[in-house]
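Across the two complexes that follow, subunit A remains constant while its partner is subunit B and subsequently subunit C.
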Partner chain A sequence: MNIDTILSIRGLSVMFKTEIGEQLAVNNVSLDMKRSQTTAIVGESGSGKSVTAYAMMRLIQAPGKITSGQIICTPAQQESFDVLQLADNSNALYHLRGGLMAMIFQEPMTALSPVHTIGNQVMEAILTHQTVTKAEAFELACAMLDRVGIADASQRMQQYPFEFSGGMRQRVMIAMALVCKPQILICDEPTTALDVTIQAEILALLKELKKTIQISLLFITHDLAVVAQIADEVIVMNQGRVLETGSVRQILNDPIHPYTQNLIAAVPGMRQQDRLRPVSSKPDSTDYPSYSLIPLKGDRQVALPVSLVPEEYRL
Partner chain B sequence: MGTYILKRLLAMIPTLIIISVIVFILIQLPPGDIISANLAALQQQGMEVSTEQIEALRAQYNLDMPLPLQYFHWIFNFMQGDMGYSIKYEQPVNTLIWERLGYTVIIAVASLLFTWALAIPIGIYSAVKQYSFGDYLFTVIGLLGLATPSFMLALILMYCAYTWFGISVGGLFSPEYAEAPWSLSKTADLLSHIWIPMIVLGTAGTASIMRVMRANLLDELSKPYVVTARAKGVRPMKLIFKYPVRIAINPFISTIGWLLPTLISGEAIVSIVLNLPTTGPLLLQALLSQDMFLAGSFLMLLSILTVLGMLLSDILLAVVDPRIRYE
Partner chain C sequence: MTDYILEVSNFSVKFPLIKRGLLSRQVGEFTAVNNVSFSVQRGSSLGIVGESGSGKTTLVRAILRAIDPASGSAVFQSQAGAVDLCQLSDKELIPLRTQMQMIFQDPFASLNPRMKVADIVSEPLVIHRPEQHREHRQTVVHMLERVGLEADTLHRFPHAFSGGQRQRIGIARALILNPSLVICDEAVSALDVSVQAQVLNLLVDLQREMNLTYIFVAHDLNVVHHFCEQALVMYHGSVVESGPVKQIFTSPRHDYTRLLLSAIPSLDPDIKLSPLDRNSLSLE
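Our next item is the complex of A and B:
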């Protein structure tokens, strides 16, 4: 772990008890997030990317359980601590949720309470973490809504989520997440439920926000086009494991792991004539046996035996 | 909102006119009327009643008019607040109904509060601690309450209260207060009697409300907005009450209005067992003895309360749920 790492996950496993037995949704995952960078986790549905993010904020609920691992968080000018060691219901844990890390979700249509005003919900985030008066919280919330591009913020504060479009709701979610100045923002497929133009607006907003406020983004997506636009570092996950990590350039232009190569080959191109190639991902994970990550040249890692890694990448 | 309520009130008028016609026809449907029923009773006692007397009686209650005229007579008086005269009780219907209606409302509200105070917290507990020992325990107790007939529970409670505490708990008042004017001690006497009907009537509804609350809340607990609030760092107690409970409780608010009609007819059997001066037993008697003005007034009041109750439900729901308010 070097000094630039804000969050470092080591050996994280999350188990879900189901009727067909115990399922490891996240299997011995290790990854690092660099400070003030955008780290993208890519993978198919069920690859464990969302569960990893939920574990970072200790949001996993029964029947899920974090069975092992460490999540070392190093906030700016503060001591490192292990998120998984925080006591349930401790002040530190509630400060972590919303104060240190914040999250925006895939479905802006359902992620806000339908019977509370936008203002109420954004102000709640402020009042939970800061000792300010309601009037001050109102001002802060207005300023933040204005900042994410919602016009007439003080009027729109009185409105309910169903009076907002999907894109506007996602802006509200972003405002609500950022209003307490967290150091890590987890975006769990924030553009998946939006149409392409709104998707572009939200991505532009996130990029612009990241530039102006020093924040580390964890971006979870299955959309490689989005990864290309926003990510600095990429982590490829499949069936609860990390298969490959590296910079966005390394992963998209020069993937090593066969799964990553398949994933990139499955992206439809403008001039594509043949059928799309499906990504093979059998649930029993026999396709990609559990090799552990090995470090390679250029600060990248891949989960393959050294013998299968082309000579030029090896250390 | 104002125009909405006005529209709804206006729409009630044709509904009530149709209901009043149906009520009137229903009352007239059984063969005979209360005069012939009374007559049969008198003749059994060996009294001679002349045809003129019978006709005079019929004329007194307008029973000699053609049916449509009788209807208009009845309904116009009803609208002016005169509900007619009960032949069986030999009293104006107004004096018979209003006092009983007052007690009925008191008992119904008390048992409703009892039900909610018990069922909603338990429902919340059962949902939050799903499949825990407490969840199962309360479910079993609730189902027992649902399966026990109310009159049975009433008898058991009366028996226990009498044998263990030596208090007679039938009725709403002790004999010495029954006819007394209202005073502090009469109110205290009422309170010492009202708990049995409150528990008996309240227990019946507890189980179903408990289970519905549990199911509603379980649905809401897994909604994304709950995760959002958790991710914001909201404390668990505040979170549960502010978000999912707030939404899970809406269906109950919308059922408040439905309780209005059950005020009159709901607890007849329990009232008879417990000797309560409520409207249920009176309605039953009126229907049995074909006391047309009394029965007709009851049925009309029931209908009006039903229609008003629906409106009340809709207004309350609009107040608590902005999504409905704006549509």
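Our next item is the complex of A and C:
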């Protein structure tokens, strides 16, 4: 593990007990997040991308269980530690959730409490993690809302979420996540519920924030166009496994794994094509047999046997 | 002469603004759809795009008379000849409902969780063709096959299906009466890109087989570009631009269309997203 890796997952498995037996939602996943970069996890519903992110913050609840693996976190100027070794209810875990890592959710209306003012919700995050007075917390919250582009912040802090539009609510979510200066920001489909124009605004905001406050972003999405715009590194997941990793240009312009190729071909777009090519003809198929990841040229990996990888990519 | 299945002219929908309280009264009205005119060719697909709040869903719901329009006309070529949907009483509309159907956005909310698939899909038949009840089962099985679901799904409840499968159930329910006009209100917005591709392909196949006309409401411009021949762009209740999809996408005339197009992220990481500034455009 090199020094500029802020988070490194090794052999993570998460199991859910269901009526039809034990299901591995995340199956022996290993991945690295580079410091101050945007890593995107791409996959369809059920690919295990959100569960991986929830495991990073230890938010997996029964009937789910982390069965094996390590999540090594190396915050700036601190010793690295294994997130999975922290005791439940320990101070370190409290500090991790919200303090070191923060999360933005897909649906800002359900993620915000409808019965508390915006100001109280942002201040709650500050008061939980920092030793400040209420007046100071108010000032901090106000400054952060202003920072994410909410005009008239001190007035709007008195308002409730229903008085905000979808894009504004997502800005509030970002403010709540950033107010304790986390080093890792997990964005779970943050623009999926938004209009395309608002999505462009939120993506621009996240990019600008990444540049100015040096935060490492983990971006979870199924929208490959969003990935193209925001990500530096891409991880493709399917059925709980990592199928391909590499830089955004490698994955989108030159995918090796057939699943990645199909995922890109399924995007309706400006290219002239008569029919879309869905990833598989049947829902819930397991067309892609499990192989382990092998390293390739250009610091990328693919889950295929060497014989199926074209010559020019092999090490 | 072009065969138009639906001709909408000077169509407006207004909602009353009501002051609440003991002495509640109407204090004004909000125009959700403002003087919209368009026509749809039989067998084609018309896309309606716009941001949330632009009135696109209100427009299609008012055409189906789920909401009553304030003014205008919507002339529908039914099997019995041309009728103005805005002039009919609720009772007179019932027989026409078999020819106009709707596919909804949220496959989780639009299916009754307490009804089995067989009952969901056959409900339109029970309402509109009760006299043929002996053939219902056969029709349902056949319809489910056409949308790609096995016959063993009949006795299961909606919760047992994935999002894409549920949307197929919704499509089966909409098509079982053999309608001529199908309104898809964000029918693929809630689906993953791969499942979305499956459902879009299915809709195209069914259009060819059953000679369907689609009105396709969507906020995803790429989907409309792929799926439709004609499109309307709506902004604040008005149509700001309409025409062939290719023309709208390659040479947009209205600033709002330019704004929408500039906000579409490209699949190419080297083409950076640079949306136009809303404030610098003349949008009204």
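We adopt the following convention: the second predicted complex is superposed on the first by the 307 of 315 C-alpha atoms of A that agree within 3 Å, B and C clash if a C-alpha of one lies under 4 Å from a C-alpha of the other, contacts with A are read in each partner's own complex, and residues count from 1 in each chain.
Assume a contact is a pair of C-beta atoms (placed from the backbone, for glycine too) under 8 Å apart; a residue touches a chain by one contact, two chains touch by 3 or more.
Just so it is clear, the model here is predicted, and its values are computed rather than measured.
Peer 1: Name the contact category of A:306: first (subunit B only), second (subunit C only), both, or neither.
Peer 2: In the superposition, A:306 contacts neither subunit B nor subunit C.
Peer 1: A:76 contacts which: subunit B (first), subunit C (second), both, neither?
Peer 2: neither
Peer 1: Check the residue A:143 against both partner chains and state whether it touches subunit B (first), subunit C (second), both, or neither.
Peer 2: In the superposition, A:143 touches no partner, neither subunit B nor subunit C.
Peer 1: Does subunit B (first) or subunit C (second) touch A:195, or do both, or does neither?
Peer 2: It touches subunit C, and subunit B stays clear.
Peer 1: In the overlay, answer first, second, both or neither for which of subunit B and subunit C A:160 touches.
Peer 2: A:160: touches subunit B, not subunit C.
Peer 1: Which partner does A:103 reach: the first (subunit B), the second (subunit C), both, or neither?
Peer 2: A:103: touches subunit B, not subunit C.
Peer 1: Looking at the overlay, does A:222 come into contact with subunit B only (first), subunit C only (second), both, or neither?
Peer 2: second
Peer 1: Applying the document's definition of touching, compare subunit B and subunit C: which contacts more of subunit A?
Peer 2: Looking at subunit A, the partner in contact with more of its residues is C.
Peer 1: Which subunit A residues contact subunit B in one complex and subunit C in the other?
Peer 2: On subunit A, no residue contacts both subunit B in one structure and subunit C in the other.
Peer 1: Which positions of subunit A touch subunit B when the two form their complex?
Peer 2: Subunit A residues touching subunit B: 57, 59, 89, 94-99, 102-103, 105, 107, 110-116, 124-125, 128-129, 160, 162-163, 173, 176.
Peer 1: Which residues, counting only subunit C, touch subunit A once they are in their complex?
Peer 2: Contacts found on subunit C: 51-52, 162-165, 192-198, 200-201, 204, 219-223, 225-227, 249, 259-260, 262-270, 272-273, 275, 278.
Peer 1: Considering the complex alone, what residue numbers of subunit B touch subunit A?
Peer 2: Touch list, subunit B to subunit A: 223-225, 227-236, 242-243, 246-247, 250, 320-323, 326.
Peer 1: In their shared complex, at which residues does subunit A touch subunit C?
Peer 2: Touch list, subunit A to subunit C: 44-46, 166, 195-201, 203-204, 222-226, 228-229, 231, 248-249, 252-253, 262-264, 266-270, 273, 275-281, 283-284.
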